[in-house]
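There are two complexes below, and they share chain A, which is joined by chain B in the first and by chain C in the second.
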Partner chain A sequence: MLVLGLLVVSLSAASDQFLTAGNLTSLLNNNAVNVIWAVGLLVVLIAGGIDISFAVAASVVQYAAVSVFEALGGGNWLIGFAVAGVLGVALGFINASLIHGFRIITIVVTIATFNAFFGLLMFFTKGRFIYNLPDWWTTRVVLWEHQSADGRWAELNLPVLVTLVCVVLTWVLIRHTTLGRQLYAFGDNPDGAARAGVSVALMQFVAFGWMGLMAGIGGLMQVNITQEVVPNALIGRELDVLAAVVLGGARLGGGRGTVVGCVLGVLLVAVTQNGLNLLGVSPFAFKMIIGAIILLAISTTNLSFRRP
Partner chain B sequence: MEAATVAVPAVRLRHVSKVFGGVRALDDLDFEVGQGEVHCLAGENGCGKSTLIKIVTGVHTPEPGAEIELFGEPVQGMTPLEARARGIAVIWQEFALFPEMSVAENIAFDTLVGARPRRVSHARLRTLAQEALASLGISIELDEPVSTLPIAKRQIVAIARALVGDARLIFMDEPTSSLTQTETDRLLEIVRRLSATGVAIVFVSHRLAEVIDVASRVTVVRDGRLVGVHDTADMTTSRLTELMTGQNFDQSIRFRDLSTATVMLEVTRLTRKGEYEDVTLRIRRGEVLGLTGLIGAGRTELAHTLFGMTRADRGGMSLDGKPVELDSNRDAMRVGIAYVSEDRLSLGLIQQQSIADNIVLPVLPRLSSPSGLLSRRRIGDTVARWVRELSIRIGRPEDAVSTLSGGNQQRVVLSKWLTTEPRLLILDCPTVGVDVGARAGVFDIVQRLADQGLAILLISDEVSEVYFNADRVLHMAEGRIVGDYLPGEITLESLESRIYA
Partner chain C sequence: MKSLFKSELIKSELTLLIIVLCGVIVLFSAGTPRFLTLGNFGSIAFQLPALGLLTLAMLAPILSGGLNLAIVYTANLSGLTLAWVLISFGGPDAGPLAFALGSIAAIAVGALSGLVMGLVIAYVGAHPILVSLAMMIFLRGLGEFLTRGGDISGFPEYLRPIGHGSILGVPIPLLLFLGVAALWHVLLAHTRHGAAVYMIGSNIRASEYSGVHTRRTLTLIYTLSGVLCALAGILMLTRFNSVRVGHGEALLLITVLACFLGGVDPFGGFGRVLPVVLALIILQSVSSGLNLLGANQHLSTAVWGLLLIGVMMLRHLAGRFDHLKKFCHLKKVNHFRQGK
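Here is the complex of A and B:
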């Protein structure tokens, strides 16, 4: 929180472009999908798991959704959310069944499904891009717009609203439902939770189902932003999101993490990237700097927990 | 005996057996506890006590043919949730707490687990937790994560958790093993109070005196079989030990004249602010120096400094006449100091690794062959030597340490440190979680090591332990050494009364 504040202040000072409505709103629009995925991944991390496959799963959802919409003769937003959600949850349940059914650790299962999903996707689509998408899907839905004095437009689009809904729903789930608190307990001390009567299977299905739901909705929003479906567009994003969530204070190993921290983690990475762009720093340096920030942020958090 | 069972018993088991992978953990056991009775379940580690508890609480299913009645109703194929719905609660030995979650949530956790997901009222959790703590007469900050609490308070949290949800039968598995005498007394008081309100309590403890004190009857189990059910009114600790182990132990104090032996460790006016102050002590070659006092007296903190893990603000120490400065525990190991920590399970052993790997861990560099690679043969020899010398009961050296009983794990820790060939051995509560029978074995080893010339600092909160096993006893209170006793010149009772005063 403090780091983000400092960063915003110093960037505002360093670049007069940073603190404009146009820049800030595009920052939100562009990071909507990452935040949606991040809160999904947060739930998995809290439950003591990890998911590598969600970005690829989102691509699978996109392609599958295109076929479903064609079959339905077009569809609309309502159908869109339902289809993407159901497909996403289904993919999440595949992970959960493998993890629970064969008692395999989550990272192994999701690396396997990451490869399997991507391989199947490339095989069936033959790497084909799709631009011919239903209009409702690719039309920007502007929720708020504003023209500043210099004539530039600032706007907030549908993905930002969807992100907000996802964030609030996740917050309610993990903070205010018995399921959510069981997820924390399960991630914190799996044996203790099982002895207290927490259903291990239920926890895996809730965590990965929620991750899948967020993956699907994120995929749906991604198409709305980029107006195309490309099989390898999302692959690789999973590690960026993972880093941001961990940066936001979620513990690899379970039991700790908050929605607020998670959103701040994504925004911190986004603001850094945005600021560096505006300052004209080479994009190649960007990854390096993000790496350094993550190390710094995590080591300072850990230091404060260390006993004297 | 009949008085406690006139009403319908809280729990009644007949012909309960349980087999794990060919091993008969329980063999045709009967067990009965009356409502409102404080009942003790006694037996050595691995005798089947935990298995029995797990069966009554629905964690394990017994072999066919068993009869289980709870409050007069026969039950079958019960799950942990159903057991709790019937008013059965357990305080597990390895705390089943959630370290990252708040005190309030830990205490009221069982209300979070139900058939249907629903909204959580954090206010209600706090109220429930507050009530449970209040009934124990204790206050703990409700929003702190449990990981920040000392062990004694975590134990209170675990007990409070059992009280939420109106338990009518509470199993307490080693509830006092990490408590000081005052805390134990308070817990026993709580147990009596609960029993007076009709709650049945099954108490499992290694501290036999307190068992006899608090329980009205005791069921003794050995090797998964029932040895007998006895009234505690005419029971003594030595008779109970005999029943549990099938062996006879007698304790006598040591008397050895070590005044001519050379001094191995000399500590002068050692001070670390907030932990201990002005500590001066010496341990001679071959001497066992006992250090006792309540938890929080600064004993473990002192041990950490002696082992180089923390630095003293003032004062100095010398080993074998030479002053030493320790910057880390590697320094300490190099000059010949070994430390067996209090927290064996988390710090002393790597549970998932094999017995062999654990034993040779501190001396790996020495076990390389000339090529620089680890020598399988040297590792095998070292492991075999210590398994033999400390008579560790193991299956194969490749088995995970977690498969061993508490007493045998403690021996593995000991041998791990003895491989470093230390000159000073610090033992911090070496019998926590170790059975009576196995304890004697651990102390036999301690005596043998001392006789071989090792200087030993024996830290324990059980006064009787240092009284019977040390040549000299130091009493530490609030960071200072406040008493220095020879067991031959004071009785155990008067020593205990000074320390627990």
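Here is the complex of A and C:
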């Protein structure tokens, strides 16, 4: 949090472009999907698991949703959310049932399903791009717009609102329900929680179902932003999101993590990238600097309370 | 008693994998006559080593309870270093000395990236997944920054045999891989360092109290992992005759998959080199068999994933069966004792 604050202040000082409405809103628009995924992943991390497969699952949802919409002859946002949500939850439940049914550790299952989902997706779609999508899906929905003095438009689009809803819902789930408390307890000490009467199966299905729901909705929003469905566009983003979530204080191993920290983690990475861009740093150097910052951040945050 | 149990465990592990391998071979030989040919085995033998070296680089970190997600980019960057040395000595005209120098530099780069990760993991106490993830993002960025995302090629002709040649009919890459695998087997199973790796994977706190220098061991694990990545990078350079950052990116999760398929405990502490090598052979056979049947690479990716799920299911069921057997046995014994 402190790091983000410092970063924002120094960037506003360094570049007069940073603190403009246009820049800030585009920052939010562009990171909507990452935040949605991040809060989903947060729930899995709190429950002591890890998920590698969600970005690929989002791609699968996109393709499946296209066929469903074709079959329904159009659809609208309501149906869209329902379809993407159900598909996402179904994929999440595949993970959960493998994890629970055969007592396989989460990282093994999700790496396996990552390969299985992606391989099957590429095999069946033959890597085909889809541009011919329902209009409602690709039309940009502007929620708020504002023309600044220099004539540039700043706007907030639907994905930002959806992100906000997802963030709030996740916050309610993990902070204000019994289920949420059980997730923390289960992540911190699975055996202890099981003995205290927490249903292990329920925890896995809630965590991975929620992750799947967020993956599906994130996939839906991604299409709204890019207006195309590309099978390998999302693969590889899972590790970036994971890094951001863990940067935001969630513990690999379970039992710790907050929604606020998680959102800040994603924003920190996004703001860094945005700032570097505005400062005129070569785009090729972005990743390098972000990697170095994450490395530094974990080194400093872990130093202060080493091995708790 | 404990060692007996352990060796039994490993035996059942190997049996399972050998059964799976036989199943794969039988299935594909039935599917295509070209599967059981020398040509096919040759192609498997040439394709296996790069993935194999990377998997061995992944093995020790997993055994110690961590993960090294930076392996592919460490290999890329090491390859890049070698390429840079070769180019600065005249590209195609560079002499063997330049190659030796470049290889040393490449290994140094690999070791350095591993060393940094190891130091952060050991002395800061940060989670290995996170540290190596950050290192991966950093190395990918550095590599893309240096190459601007392009290919580097134009290397001396005498490097070709390292990637494509054979000695007495055995491909050189395979010899290299088998040599390293044997070395790794000895290192993990018969040295003090190896014992420390397994102990750290089982219980880091306990091994620290029993006098293992855990920090030094962790640092060494990741440094050696970096060295293996560098070897893989050099091999990839000679095989493809070019270096591109992101080359072999898809192999990252495959190496983890191969380790788990080879019976390595995801929490660390258990796992051996031989079953992992066997798992690699299975994966590569599946891929080349599907290729011969006319399917594309993506289908084999999917099959690899499904294979891992299948093997984990079998393992779970086998474990449950064993458990049941032991339980029944125990009950009988108790019954007997009580009767007495």
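One rule holds in what follows: the second predicted complex is superposed on the first by the 306 of 308 C-alpha atoms of A that agree within 3 Å, B and C clash if a C-alpha of one lies under 4 Å from a C-alpha of the other, contacts with A are read in each partner's own complex, and residues count from 1 in each chain.
Definition applied: a residue touches a chain if its C-beta (ideal position, glycine included) is under 8 Å from a C-beta of that chain, and two chains touch if they have at least 3 such contacts.
Since the structure is predicted, the reported quantities are computational estimates derived from the model, not experimental observations.
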{"item": "Chain B versus chain C as contact partner of A:F102, first or second or both or neither", "value": "second"}
{"item": "Broader residue contact with chain A after superposition on the shared chain, chain B or chain C", "value": "C"}
{"item": "Contacts of A:F286 with chain B and chain C, given as first, second, both or neither", "value": "second"}
{"item": "Which superposed partner A:A233 touches (first chain B, second chain C, both, neither)", "value": "neither"}
{"item": "Contact residues of chain A, present in both the chain B and the chain C interface", "value": "251"}
{"item": "Chain B-touching residues of chain A, taken from the complex the two chains share", "value": "175-182, 184-185, 188-189, 191-193, 195-198, 251, 255-256"}
{"item": "Complex interface listing, chain C residues touching chain A", "value": "69, 120, 124-127, 129-131, 133-142, 144-145, 148-149, 249, 253-254, 256-257, 260, 266-267, 295-296, 298-306, 308-309, 312-313, 316-317"}
{"item": "Chain A - residues contacting chain C, complex", "value": "50, 52, 98, 102-105, 107-109, 111-123, 127, 236, 239-240, 242-243, 246-247, 251-253, 282, 284-292, 294-295, 298-299, 302-303, 306-307"}
{"item": "Chain B to chain A touching residues, read off their complex", "value": "59, 79-81, 84, 90, 92, 95-101, 105, 109-110, 112-114, 117-120, 122"}
